[in-house]
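Think of it as A, B, C and D in the order they're written, each chain with its own count starting at 1.
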Amino acid sequence: MTNQELITYITAWNDDAQFSLPAETDSGIISAIDDLSGTIVNVEIPPTHLTEFMKRLQSDPELQFDYLFDMIGMDWGKELGILYYLKSTVLHHKIVVRIKIEDRENPEVDTMENIWKAAHLQEREIFDLFGIRFKGHSNLKRIFLRKDFKGYPLRKDYEDDYMIIRK
Amino acid sequence: MSEQVITHSDIKFQEYFLNMGPQHPATHGVLRLILTLDGEEVVGIEPDLGYIHRGIEKMCEYDTYRQIIHLTDRFDYLSSHMNNEAVCLAVEKALEVEVTDRIKVIRTMMDELTRIASHLLWWGVMGMDVGALTTFMYAFRDREMINEIMEKTTGARLTMSYNIPGGVMFDLHKDFQKDVKNLIAHMRKVLPEYDRLLTGNVIFQRRMKGIGTLSKEDAVNYGATGPVARASGISCDTRKHEPYSAYNRVKFNEVIETAGDNLARYQVRMQEMYESLDILEQLVDNIPEGDYQVAMRNLIKLPKGEFYQSVETARGEFGVFIVSDGKKNPYRVHFRSPGFNNLNALLKAGLGGKIADLVATMSTFDFVIPDIDR
Amino acid sequence: MILTQNIFEYWTQNTEGWLYVLVLALIAALYLTFFAVAGLLLVLMERRVAGFFQLRLGPNRVGPGGSLQTIADALKLVSKEIFMPKFADKLLYKAGYYFVIIASLLGLSVIPFSAHFQAFDINVGIFFITAVSSVGVLGILIGAWGSRNKYSLIGAMRSGLQMISYELSAGFAVITIVLLAGTLQMSEIVEAQRDTWFIIKGHIPALIAFMIFMISGTAESNRVPFDLVEAEAELGAGFHTEYSGMGFAYFFLAEFENMFIIAALAVTLFFGGWLAPFGITDALPGQVFWGLFWFFLKVLIVIFVFMWFRWTFPRLRIDQLLVLEWKYLLPIGLVNIVLAALIVWQGWLFEPLKWLGL
Amino acid sequence: MSYFKKIFKAIHTLFQGMSVTGNYFFPNALTRKHVITCQYPEEPPVIFERFKGEVVMWHNENNEHRCTGCQACEIACPNGSIEIIWKWEINPETGRKKKAIDQHIYHLSMCTMCSLCIQACPTNAIMWSTNFHHATYDRGLLTKVLNKPGSKLMEGVEE
């Protein structure tokens, strides 16, 4: 599918019952834009609906996003975020699904491990460096840093006077 | 004292842990795998990473775009040129700079040289892992030719930092074409010899065939990339699907095997060397004239936005994700390293075999540990 | 120098009491010296040969042409601290290497280096070697068990499997030759080959036996492609992971000594031991020297073939190792014995020199 | 029959492998024909002219260099391996103060040979040398002062 087709196809899901929330605006909770250097469709979704949305992306025969290419943790300053970069090895199209997590103290999202096993290490990495907890992850512990490491170093508010020298 | 009769069910079979690494000859660096073993059979693998974690993603947030490049050398030091290229392409894409044909061809040729060098090193080490120690020196002899080509042009053999945003650092050395032609002729001679020495060997075939099988579904699900995924029958070569640099003007085949076992991965890499030689052969006489650098500001500032670029390294798809807020430093840089995702696939492919199988499987996955740890 | 039956009898014919014991100790010291010197030279040869196989030069700095390299290495190993794991079983850990050395020294004692140049010429010589060479694995097992390391233990268990399996086919290969020679005594096996070497005389069964012997010999001396005991890519250093200094050196030397014994056995059984090819040096003076010369030349060639194996082949996996033994070598060896018996019974020996009337 | 066929095929592949190594061994043993290693102290290694050994500052025969002390290299360096200590130099004729380098300090131990400083230099004052003998017994010796003592800026560089 081309990017435009993807956008129309996915935004149409806003009408479905499982993605409609009474509190949301008229435009629905799925908002898709053609962004990320103008080549990849970006979809923003609230974390509460992530699992259903992802399951649908993977199982929809028109989309077949069977490959979790990359997971990117983000710290947008106010809120944390995760970018899921999905690919289809069959249809060769791509999509980026992004979520934003408001709660910086105790961020938590559903794990994608049950949908794509590739998320196993990626989620551990994001937990390690951003402190986002993944509900239902099989083995969520620090992967790169020590067990007794304090803080989450890729967050913008992480301070380490010894290791970080600002020029 | 009653007489005790020991039956088969009374004997307790106990699984035990074996700590493989961080100092272990087969882990090629500081990868640590905590194995759960039943006898010699591997029933559980848990990676413990971070022995060479340097926090490059954080370091990049404090560096300018030019300075990031030399850090990317240090991920997968065997495909350093491709890693550099990913950042340069992303920066060029963001600034909408079009580089000259000469730069594209130089980058492509260097990519392929690096790929051959990386696969050669893999072949040598692969032989060592399964016990044939001589392959190492044979592979290094041939890799040395590539390293010398690199050294002549870029001044370094491994961490070259040859790419810069808007071109390459130096022009090609005057011997470059001659050396590459020599290399192509030499490699075409020695690659069949490699097959005679190792590929055909009955012991090697026994060690490889049907071991560490990764089915197509698993390879997709576990996020394998590069030769590992292609050995399982997934077409995932970025050079084909999203050609960058000069890959759209050369003809080459994407090597795909379907078996998904160690031998398939081995064959994919061996065939890729032939394909790389083909690419080099097509380009070596057609290096266009032109500038090797496009004029760019010394201090590069990217426009606000997010930029993604992926390239095909010797280990798989390497992606660079840059978030810029318009300053001289990136807001966030994320590197999608092929080794990290392939490690995930190893956790599946390595199960069920013996320790020796795990070692063989690990060497067909061709890990570079700094690439995993970043 | 005229020797009687063998060294042991020559030195002990006129001695009694404490002198007898002294002479025995002297012979033992002689063989220990040989053990060390041969080990060092073989290590040097291995490294040099490996160098040439791998497009390198090998050791070439210490002494003329690198000839003193292994002596320097041995000195280094002697001066190294002997480090024992904290939770090791001290007795077993230390007993390990003695078992290995004693097994290979015992094996060495019945090898005929030249005519009458043999410590003991017992009438069951070949049987004796097969018996004592199995003791070596016990040393590996207890040393690895005692060092309380999982890698060591895996290596040692592999070693046990490997030895038990390959003893069989090595034994069958030896029996084929014993059938042809009609004796178990080493010196007589050599004498029986004065006309024609057994590899030629026994033609097909001897050739098959030779190949089986070479394969199982490589396996018994734990060398590539059967070096699963050490398998440095898998187990670090295998059974001697926890040994340092001389403890490691003993294992290392014993490994090379075992290779020497296997090669010497192959030469004695198949290539006529100390006998010159076609008797070309039989008329020359200094028979003992010529015997030694031909013996060592043949042994070095066989050892070179072992090295050639080592620097070419990848390593087998443990189950494939057992498949090779139980599904291929053992049945072939058994059939081969029947074939050899048939040939000896019917007198279908291949003796071109005899047919030509020479 | 396939049992024996398999055995013969296996033995054939083994001999094939041995022929490859043998083809290298015998010429090597006799004439050292295929030996590829470099016997280092006796045989100097081949160093190509672009080899990035260490950063040096070019001086002419009058002990003059081309460094104006603009600190472009210091800013360009990603690792902070270059430090420039500069001073005010008073021109005796005009009496005007001018910025000049006192010490151009280069930490070789921190350098990753990325060439950014040399690319950044507007006056081509620093360049690569092909020296690779960097080993020292003291880490402090790896911190070098690139400008020679008593050297001064070459005439006409700043224009």
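In the analysis below, contacts are C-beta pairs under 8 Å (C-beta built on N, C-alpha and C of every residue); 3 or more make two chains touch, one makes a residue touch a chain.
Just so we're clear, the structure is a prediction, and the values are computed from it rather than from any experiment.
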{"item": "Geometric centre: closest chain by C-alpha means", "value": "B"}
{"item": "Chain centre separation in whole Å, for subunit C relative to subunit A (CA means)", "value": "64"}
{"item": "Cα-centroid distance, subunit B relative to subunit C, in whole angstrom", "value": "44"}
{"item": "Length of the line joining the C-alpha centres of subunit A and subunit B, rounded to whole Å", "value": "26"}
{"item": "Multi-partner residues of subunit C (at least 2 other chains)", "value": "53, 55-56, 311-313"}
{"item": "Shared interface positions of subunit D, touching two or more other chains", "value": "14, 17, 20-21, 36"}
{"item": "Residues of subunit A touching at least two other chains", "value": "165, 167"}
{"item": "Chain-to-chain touches, reported pairwise for every pair that qualifies", "value": "A-B, B-C, B-D, C-D"}
{"item": "Touching residues (chain side subunit A, partner subunit B) in the complex", "value": "35-37, 39-40, 66-70, 72-75, 83, 85, 89, 92, 116-118, 120-122, 125, 129, 139, 142-146, 153-154, 164-167"}
{"item": "Complex contacts: residues of subunit B adjacent to subunit C", "value": "16, 18, 24-26, 40, 127-134, 136-138, 141, 197-198, 201, 203-204, 206-207, 354-357, 359"}
{"item": "Subunit B to subunit A touching residues, read off their complex", "value": "46-50, 53, 55, 57-58, 62, 93-94, 218, 220-223, 234-236, 241, 305-309, 317, 319, 321, 323, 332, 334, 336, 340-341, 343-344, 347-348, 373"}
{"item": "Residue numbers on subunit C that touch subunit B, as the complex places them", "value": "50, 53-56, 150-151, 154, 224-225, 227-228, 231-236, 310-320"}
{"item": "Contact set on subunit D toward subunit B in their complex", "value": "9-10, 13-14, 16-17, 19-21, 36, 46, 48, 50-52, 72, 76, 78, 112-116, 119-120, 128"}
